[in-house]
Each structure stands twice: as structure tokens, then as C-alpha cells.
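Heads up, the next two complexes both have chain A, just with different partners, chain B and then chain C.
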Partner chain A sequence: MTAYSFFHRVLMAAITLFGVAVIVFVLLRVVPGDPIAMMISPGASEADIAALRAQYGLDQSLPVQFWIWLTSVLSGDFGTSISLRRDVLELLAERLPATLELAAAALVFAVVLGIVIAVTATLLSRTKLSPLVDTLNGLFLAVPDFVWALALVLIFGVLLPVFPLSGRINPDSQEGFATQFYLLESLLTLRFRDLADISLHMIMPVLALGLPLASIITKVLKEALAEAMVQDYILLARLKGMSRLRLVLQEALRNAIGPTIALTGVQFTFLIGGTVIVERIFAYPGIGNMAIDAVINRDLPLIQGLVLVFGALFILVNLATDALVVAFNPRMEA
Partner chain B sequence: MTHITRRETLALGAAAFLAGILGGHHKVLAAEEGTLTIAYNVNLPSFDPTVGPSAVNPTIQAIYRSVFDQFIGQKPDLSFEPGLLTEWGWNDDKTKLWMTVREGVTWHDGSPFTAEDVVWSLERAAKQETGNPIQFIWSTAGNYKIEGNKITADVVRFEPTFFKWMAFLTGYVLPKAYYEKVGAEGFEKKPIGTGPYMVDEYQGNAFLRLKANPNYFGGKPTFDTVIFKFVPDTTSRVAEIESGASDVTLEIPYEEFDRLKGKEGLAGVATPISDIGMIFLNNIEVMNDKNVRLAAHHAIDKDAIVKRLLKGYGVPIDTLEAPEYDAYDASIKVGYDPEKAKELLAASGYSTDKPAKFKIQTTRGFKPKDYEMIQAIVGMWRKVGIEAEIEVYEIAKHYELRAADQLAPAAFYNWGNAIGDPTTSTGFAMFGPSPHSVWNTDDLDAKIGPLWGEKDEEKRIAGWKEVSKYIAEQGYVIPVLQYVQPIVYKSSLKVTPNVSGALQPTLVSKA
Partner chain C sequence: MSDLLLDISGLSAISLREGGNPILRDVSLSLKKGEVRGLVGESGAGKSTIAKALLGILPRTVKVTSGTMRFEGRDLLTMAPRDLSAIMGSDIALIPQDPQTALNPGRRIEAQLTDGLRLRRGMNARDAHARALQLLSEVHIRDPERVLKAYPHELSGGMRQRVMIAAAFSLEPKLVVADEPTTALDVTVQKQILRLIRGMQEAHGTAVIFVTHDLGVVAKICDSVTLLYGGKVIEAGPTADVLADPRHVYTKALIAAGPRYDRPDAGLEPVPQWVFDQLHQEIRTGAKEILHG
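Entry: the complex of A and B
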């Protein structure tokens, strides 16, 4: 990646983020639900209500409110959450790692599962098992993440209660963590019992988030592999006596992975969006779960902070995807 | 010295990981001994029980009451009992009030609880800048004086419910010295109270772990540890109790309640709580016609709604005063009478061919079967000559419209009143100047106005009963039902239901 293209991408990212900021700010103020109306005490007078409105800066005009908020954000002050009564940036820093670990684990699971099924399906193509793989994949593709979440709650929470239903760690755990990256920290500090506990808590949310993405990866990669398998260089390799498994893994996969990476990047942003409802169902303490409470409480500073974080994540994921695609196929740089 | 190779280290780690996975299985089940795990339906947003939106959330009070003590305690039947105050009252002409502070109480950090804590808490609550949502009550007394464990104060404006609020929203005593030392943020990070349980660990949106306060003035609590798991999703709460991962849960669909309480190892209790469902009427459009209002009320078969939609879990009501409230009057009846409804509508020129038309707003899923109830009511109205159009909105929109007095002619809502006083139900819901009222006419305000500062308690309660009767006669609001709270728990436990709806750990014991 040249310096020019790097700075161009960063500039575009900044402009996109500014656009997100403007849209979310305006939308939050035109959608129904006045946060002050939810806080008015039964005995409040008109003056009390006006004072409350002024306390949260909602008595200013929209452009003035936006300017105050934007300049504060640029100086690192995201404001104070109305409902949680804490610094928004501090809250985001506390909760974001949980979501990042969950999303990353779901991505790894989806990619591994997607590649394994796609490769297996390619190896099994033109056999009686091929339609079965396609049907199963179609099923995974058709069921959205939140339905998976509810189904998993019933299957592994009630019928076969093997996994914890809620939270990120056993509430009985007396171990403390120096960071909010529990999974990573327990791994790096070799606290394997904690690692197991955290992993157990992640299994169901990871499955719910990862299964739909895995099926998309499978579908795209399987088609790309099918195309690659009829190319001349594959036929040549086959004539040289290379086994079908080696043909797929060593020759076809490398060429087929490009479009899969691009699509996975786009779909990963949807997966991050899916954490909102999945975290809620599994009472997982990430930014998605917090976002629902923020919306219910019309907590404007927190919603704005959360949307900016989600926006930044989406942009970062897209940048990383572009970089990966180029790394796998340098011709894409142009 | 024993040398462990990298390979051995990895093998040991893998073994520990596997042991954790396999050993973790038993952790799925809630601990039987010494720990009570509650799958709770809301998250705890902040610890200070006196400021911010969570301070006025009735559901969160169960958690606050576990960590903090109220000035005055409240029994599960809503009657009052000594809390951190052992005695309280006014002088004869109601110009002064007095309180006696409990002795021998300590804060969770071991420091002594004093009368200064009480006065500081009351004075802080009375200041508008601190953001106490009930400041309008706390500001009605001032000039506090301490003498030993006795406190006296001047009554700024006589407020008959002053002491009742001491057992309700924001009526908590906080530690003066500790709060001043650590500040608001420090208090949120490490809150202390005098309550039966001490905060041990908190993960927002996940869980709150409490440890028993061995020095609690009410005696050491039954459970050494209490865990509130914040599980807002209904399906997940059902799974929590069904799988045994939690010991108690609440607010689940009545169908699930019936199913779960019949399962081996589980039990259930469902009793009326102080929340009611009602239809606000706004004095606009056809609602200015008394015949239409009364017809709309007479046309609703509340018994059928409770039986068919809520599986019998509800109590039909005719006024905004539920049976447990102080100003409940069983003689006030409106009654289901579709023929009378037709007559009333006919008197105003309406019939099934020429129906009275208006809009009714409702939430969907905010309370059990809210939308379905309104659908059923609209169906009943249609049969007598009322055509109502349903508009579904979010609860935040309801608050916004109500504050701006822009609700539709009819709007379904729920109202809580855990102190059972008529001012906190009929008063705030129906008095025109209240920001929460919807009906706004001079005749009703003239009847309610004098009751706010009435010093004779008997006369005051009688006055509110008269107001309820007048409202029923005029049809200014349509009370629908009193809600029933379903609680499911392990049969090895015993749960005492609380009319206020607060599922406090102190109300759970071993069977």
C-alpha cells in the first residue's frame, strides 16, 4: 500500500466517521422519545423541567448542541451517561473488549468452519453427500443469529444444560483481571481454569454469531473453489498426479480465497451489529448489550458514543479487509 | 530443582483447560448451599439510589434495599415498620417533625451510622442541584437539628406523604463521611450502605455479587452470598430457572409460570402487586362527551380480559386505587354493562352504524399482553358503537407525549404506587398541574387541590375516596386491572411475595 493510498483511506475514514456523527446526532434528536420526559418527577414544575433540560444542554439549538458535542469528542470528552452516571469513554473502554473478544472468536470460528465445510463440499462434489452439505449450509444461512441464540438457549441451556446461559464469567469467580480482555489475559497469564470458564461462557454466543457467517463463507468459497477446480493449472496439476485434497488445499484455495476475504470483511461488520441482540439474550456484558439499555433510556451521550465506536469498528474492519485482499492478490492494489 | 519443559508446560495448561471445561459443568447449576442466585429482569445502571433515572425505577429497589436501608422500612404488605428511624411523626399543628435514629448500626466499612448521616441525606435530597427526582417532597422540610439520636425539623410546607416517601423511591440513607471522602464517582465504584448485604463484585449488564453483612442490625441474612444475574431476555430467564442455573426468577409469561411451577423441584407464587394497568383519557375530541367516556368504560369486560388473556393473573379494578392502597373504596363500581354503553352512546347520537371514533395508543410488550388487551378492548367497543384506531408506540414516546399533553384521546399505561397513598396514584395521574396527568379540567382540580396539604389524615383519605367516586361517575379515566407478579423458585426455597413488587433477597429463605 503506497503512502498516498494509505492517507487517502484514512481521510475517507475520517470523513465517514464525521458523517456518522452528524447523522446519529440529528437522528437522535428527531426520533420520538425525549430523555427529559422520562426523568420528570411527579411534582415537577415548568421551571424544574426547564432546569433539567438546561442541565443536559438540551435547551440549546441543534447546531450549538452539535458543536459543543463535536468539540468535546475531539478533545476526548464523550460526555456523561444519563442513565449510568459515568464517563461515556470510560464505559466504552470497559465494555468494548468483551465485544471485541466475542466478535473475534465468532469470526475465527466462522472462518475455520466455513473453510472446512467448503473444502469438504468441494472434495465431496458429484457424490451423494454433496446435496446434504448444501442443504445443511442452506439451513445455517436461512436462520438469523438471534434465532440461533434462542435455539441454543433451549438446547444447551435447558435440554442439555452443559453451557452457562448468561454472563462472561462465573459470578462465583473470585479472580480479578488487570484488563478487560479476559480471554486474552487468562491465556497470556496461563490461568487455564479462568480461560476454560470464559470459553464456556462464550460458546453459545459465538455459535449464534458465527454459524450464519460460516454458511456465507462456505457458499462463496465453495463456488469459488468450483470455478478454480476447472482452471487449466488445476488440470495440469491433476495430470502430474497430485491428490484431490492437495489440489484443493495447495492450488485452488489460494486463488479462491480472495473474494471470500472481501465478503467476510463485509459480513463481519454485520456480525458486529449482531452482537447487540445476541449479547442481550446471553446477558453478555459488551457494548451491544449496553446499547439496548442506552436506547431504552434515551441516553443520548451514551448512544452517540456507542454509534461512533460501532462506526469506527466498521471502518477499521473495511480497512483491514482491503489490506488483506491486497496482501493475497497484489493486483488488487491498482 | 525440578525442570519443566515448554512441552510439559503446554500439556499441563491443556489439562487444566480441559479440567476447567469438564469441571465447569457443575457450575452451570446454582449453588445449593449459602448462595442465592436470582435471574433478574433488569440491569442495575447505577448504585446511588437517590439520583438519576434508576432511582425512580421500582424494579431496581429490590437491589437498593439489599445494600442500603431506607429511613423507614416497609413490610411485604406495604405497611410501614422501623428502618433506620425507629420513631417519627409531626407535632400537633404539623409545623415541626421529629425522628428517632436507630442506635448501634454500622456502615459496611465499619464506621458508625449517626443522626448526621440522616440529616445529610435529607438535606442532600432536598437540594435541586443534586438531581434527586423526588426533591419536591424532600424540600418540604428543613432546618434540621440534632440532639443525640433525636432529630427535629421545621415543616416548610406540610406534605402528608413525607414519611411514606421515606420507605419509597430515593428514601435511602447514604454515608455522609464516606460519600464526601470518595465523591460521586468513588461511591459508584465502591458503594457502601447499612443494608443486609455488601457489594462484593459488580459487572454491569452481567451480574452483581453481594456478601452478607454480619453486623446487620436486623440479624445476619439467610444467605452468605446473593448473586443478581441481569437477564432482561424472558426466554433466557425461563432457561435460567429451568436449567437450575438460577434459584429464583420473576416476570416471566404466565403460560411459562404455569408450566414451570408444576415441574418437579420448582415452585411458584403469583400475587397482586401495586402496579395497575389503566387507560388515560385526554379531554380532547369525543372524550369531552361524558356519554362516550362512560360507554367506553361500561363496554369493557375486565373479568374476561383477565381470565382469557392473562390466564386469571390479574385483578379487575374500577378506580386507580388498588385494594392494598389507603384510599381503596370497594363500593365504587363501574361494571361491565354493554347495553348501558349502547344507551349512553345512543344518547349522544352514536351507534354501531355511526360509531364514535377516536385513537387509542398502547405499548406492545412493555407489560404482559398490553397490546392484546387493547385489541380485545377495541373489539368490545366495536360491539357497542365505538370505533377505535390502535396506534402502537414505544414507552419513551408515551412519556414525551404525556409531558407535552399530546396523548391521543385514549392511551394505555401502567402506574405503580408502592406506598399506597392516593396522592401517588390518583393524585399525580389526575391532577391537572401534575406533569404526569392527562385529564385536565377545573372541576376535578378543584376537588383534588385542597387534599394535597390536608392535615387531618382521616379527612384526607375520605376526600380522596370522594375524588375516586367523582372520577368514576364522570369517566375521566378507565382503570383496567391490577397486575400479578409471577415468581418461580426452587422448591427448596420459600419466597414471601412483596406487594411492592421488589423481590428482595431478605424475603427468600430456605424451606
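Entry: the complex of A and C
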């Protein structure tokens, strides 16, 4: 990437984020619902309400409110959560790592599973198993993440209770962590008992988020592989004595992976969106779960902070996707 | 005859897709060591089917019904898959039609050119690299180090076809099947590539089956020619004899249909319909092919 195109991208990202900020700010103030009404105790006087309104800056005009909010965000102050009465930035820093670990784990799971199934299906493409794979995958494609979540709760939480139903970690071992990246930290510090505990908590949400993505990856990659496998270079490599497995992995996969990465990037942003509902179902303490509470409580500063974080995540994922696509396609080196 | 390399005899095949339509009818042809034979015919004449059968890559929709295909005395059609794959790419190599799709866009030339050397000859990376350099200079590529590091899209069509030729000859095959190797190229490059294939063939003493629809190409580089129509051999023999003294009306009409460089304003003479009528009649009745010499 040249310096120019890098600068261009950063500028575009900033403009996009600003747009997101404007839309969310306006939308939140247009839709009905009053955050102050959620806070006051019954029987509070008009003066109390007005004082509270002034304390949170809600007595100002919309543009002024936006200007105040924007300038403080730029200086690193995301405001104070109305419902939790805590600094928004602090809350985000506490919860974001949980969601990042969950989304990353779901992504890794989906990519590995998708590639394994697509490659296996390609190796079996001339057998009777091939239509079976397609049919099963079609079925998986049709099931959204929250349905998986509910089904998993029913199967592994209720009927066959092998996995913990909710949360991120056994509360007793929570104290020993220096960061909020529990999975990463336990792995790096070789605390395998904690690692196992965290992994067990993550299995169901990861499955719920990852399975739909895995079936999309499978579908796209399998089609791209089938297209590559009829090319002349595959035939020539076969004549040179390459095994079928190696043909798929070394010759075809590298040309089929490009479109798959591009699509996975887009779908991964949907997966991040899916964390909202899936975290809720498994009472997983990430920003998605927090977003639902924030909306219910009309916690304007917290919602705005959360939406900005989600927006930034989407932009980062798209940037990373573009970089990966270029890295895997020698024709796009620039 | 000890210098007989390939002997195809009575080869017949049908297409399973078109309800058992014959696509090869009792085809016989032989090839001596170091001989270049043109396999000429229009689309659907069966020339590509023969080439594919030679490489053991017939599609599933094609079924060989009779005949043998002896390579150094061993029938390729009945050989165990393991023996067959030991011959393919090693003793019998392919120069493909379209160098655009014949090179993997995602791998460097070096990797693709040395696959065979490493897989078939067990060469290590350094020896394979040296051999690849040598091969590239043999096909007159001026800057072989740069080409080895390049990706296919960085090379011109002619360069890519040179690389394919180098790859085909890399394992010193006894037979190279050239499947219309100049069709996808510029006219100006075609001539160089033809000369190059002939040069490589002579230097290595390799026999070549040259699949083409162009009698002009045959005249330039083939020792002998087999003309096919509708899966049947129409006329075969040494190139000079067939072109100078065509006996079948189809051969005569094909030669007449070619452009005349000595009379550029003469225009092109299409093959008349009655010639095709006669061909179809002969195919139905199973008339014998015309063999020269």
C-alpha cells in the first residue's frame, strides 16, 4: 500500500466514523424515550428533573449537544453512562475484550471448519458424498446465529448439561487476571485450568456465531475450488505427478481463497453484529450484551460510545480484509 | 521395428453424453522416435480426443470401445493407473493450447517449472533452480533469473508459452503432445514458437504429436501428417507427399481453402458442400483411409 492510498483510507475511515456518529446522535434524540424518565424516582419535583437534565447537558439544543459530545470524544472523554453512572470509556475497555475474544474465536472456528469441509468436499467431489455435503451445508446456511444459540441452550444446557450455560468464566477465578483478555492471558501465562474453564464457557456462543459463517465460507470456497480444479494448470500439475490433496491445497486453494476472504470479511462484520443477541442469550459479558441494556435504559452516552466502537470495528475489519485479499493475489501488488 | 515409439491401432471411442455417438472410428497411426506428426482436422474431428487419450485424461463422458495404444510396446489403455501416471508428464508431456490458463496465477514461475523436477526426479531446490535456468535459456528467454521470480501475469503470452515448452521438455520426455500450442498467440509470435518447438524437438530427439487445424503449420514443422474428419482418418503420410499429391478430395479442398501468399487477391476458397457429403457417405460405409508411402 502506498503512502497516498494509506492516507486516503484513513481519511475515509474518519469520515465514515463521523457519519456514524451524526446518524446515531440524531436518531437517538428523534426516537421516543427519555433517559431522565428512567432515572428519576417517582415523585421527583420538576426542579429536580430540570437539574438532572442540565447535569447531563440535555437541556441544550441538538447541535450544541452534538458539538459538546464530539469535542469531548475527540479529547478522549466519552461521557458518563446514565444508567450505570460510570465512565463510558472505562465500561467499554472492560467489556470490549470479551467481545473481541468471542468474535475472534468464532472467526477462527468458522474459517478452519469452512476450509476443512470445502477441501474435503472437493476431494470427494466425484463421489456420492458430494451432494450430501451440499445438502447439509444448505441446511446450515439457512439457520441464523440466534436460532443456533437457542438450540444449543436447549441441547447442551438443558437436555445434556455439559457446557456452562452463561457467563464467561467461573466467578472464583476471575480475580487473578491482570487484563480483560481472559482467553489470551490464560493462554500466555499457561494457566490451563482457567483456559479450559474459559473455553468451556465460550463453546456454545462460538458455535452459534461461527456455524453460519462456516457454512457460508464452505459454500463460496467449494465453488471457487471447483472452478479452479478444471483449469489447465491443475491438469498439468496432475501430469507432473502431484497428488490430489496437493493439487487442491497447493494449486487450487491459493486461487480460490481470494474471493473467499473478501466475502468472509463482509460476513465477519455481520458476525460482530450477531454478538449482540448471542451474548445476550448466553449472558456473556461483552459489549453486545451491554448494548441491549444501554438501549433499554436509553443510556445515550453509552449507546453512542458503543455504536462508535462497533463502527470502528467494522472499518478495521474491512481494512484488514482488503489487505489480506491483496496479500493473497500477486496480481494486485501495488 | 525398434525405433517405433507409439503405435495406435484400430482405436474407436464413443461419447456417452451424445447417446453413444462415435467420436473415433478405427483410428490407426504410428510415430517413430524423434518424429513430428501433425494431427489435423476441424473441430470435432477427434484430434483432441486422441491427444487426451495419449495423456490418460479422457473425460468420463468418452469411452474407448476398441483398439490399442502402444507406447514403447505397452498398451496405455490397459496399463495399471500407477504405471500410467509414472509415464505421464515424464515420458509423455503436454504443451497446452492456452498458456494463459496453463500457468497457475498464484505461483511463481520457478515453483511451477520445477514441480516436475522435484516430484519426478527428486531434485533438491538448488539443483532444480539451476536446471530451470538452463531450460529457460534453452527456450531463448533472455533474463531467466527475473522470469523465474515472476508471476505469470507479469509475462507476455509468448513468454508464457516458452515457459510451458521448457516445462514440457524439462523431464526429457520421449513424446510431447502439442495441443494447438500457437492458437492463442499473436501471429508474429506463432512463427517463433513453432520454430522453437521444432528446435527443442531436434535438440532432444523428442517425438511430437502436433495437434492443429492449420495445414500451413503442418507444412512448416511436421515430418508426417494424419488428417481426420468425423473421428476417422481420411489421409495420412509424409507431409511432403500429402501436401504435394493430395489424393482425397477433402485434402485437396482443404489445401485449396488455405490463403495463397503468392496470390493475395485470389480470396479464400471454402470447402464445397459436396465434399462433406462424400465424407459423410464414406464414414457411413467405412471406406478405407488413404495412406501415402
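Just so we're on the same page, the second predicted complex is superposed on the first by the 327 of 334 C-alpha atoms of A that agree within 3 Å, B and C clash if a C-alpha of one lies under 4 Å from a C-alpha of the other, contacts with A are read in each partner's own complex, and residues count from 1 in each chain.
By definition in this document, contacts are C-beta pairs under 8 Å (C-beta built on N, C-alpha and C of every residue); 3 or more make two chains touch, one makes a residue touch a chain.
What you are looking at is a predicted structure, and each value in this text was computed from that prediction instead of being measured.
Peer 1: Just from the overlay, do chain B and chain C fit on chain A, or is there a clash?
Peer 2: Chain B and chain C fit side by side in the superposed model.
Peer 1: Tell me the contact category for A:Leu239 with respect to chain B and chain C: first, second, both or neither.
Peer 2: In the superposition, A:Leu239 touches chain C alone.
Peer 1: Just chain B (first), just chain C (second), both, or neither: which does A:Gly305 touch?
Peer 2: neither
Peer 1: Just checking: does A:Gly274 make contact with chain B only, chain C only, both, or neither of them? Give me first, second, both or neither.
Peer 2: neither
Peer 1: After the superposition on A, what does A:Pro212 contact: first (chain B), second (chain C), both or neither?
Peer 2: Neither partner.
Peer 1: Is chain A touched at more residues by chain B or by chain C?
Peer 2: B
Peer 1: Once chain A of both complexes is superposed, is A:Asp172 in touch with chain B (first), chain C (second), both, or neither?
Peer 2: first
Peer 1: Where does A:Arg254 make contact in the superposed view: on chain B (first), on chain C (second), on both, or on neither?
Peer 2: second
Peer 1: Would you give the minimum C-alpha distance from chain B to chain C, in Å, for the three-chain superposition?
Peer 2: 30
Peer 1: Which parts of chain A are touched by chain B and by chain C alike?
Peer 2: none
Peer 1: Which bits of chain B are touching chain A when the two form their complex?
Peer 2: 9, 13-14, 16-21, 23-25, 27-29, 31, 35, 37, 39, 43, 45-46, 48, 51-54, 56, 128, 131, 133-137, 184-185, 188, 201, 203-207, 209, 225, 227, 229-233, 235-236, 239-240, 242-245, 393-394, 396-397, 399-400, 402-404, 424, 428, 434-436
Peer 1: Which positions of chain A touch chain C when the two form their complex?
Peer 2: 231-233, 235-242, 250-251, 254-255, 328-331
Peer 1: Residue numbers of chain C touching chain A in their complex, please.
Peer 2: Residues of chain C touching chain A: 55, 57, 85-86, 88-90, 93-94, 96-98, 101-107, 112, 115-116, 119-120, 151, 153, 167.
Peer 1: Looking at the complex, which residues from chain A come into contact with chain B?
Peer 2: The contact residues of chain A facing chain B are 32-44, 48-49, 51, 55, 82-86, 94-95, 150, 153-154, 157-158, 161-172, 190, 192-197, 199-200, 279-286, 289-290, 292-293, 296-298.
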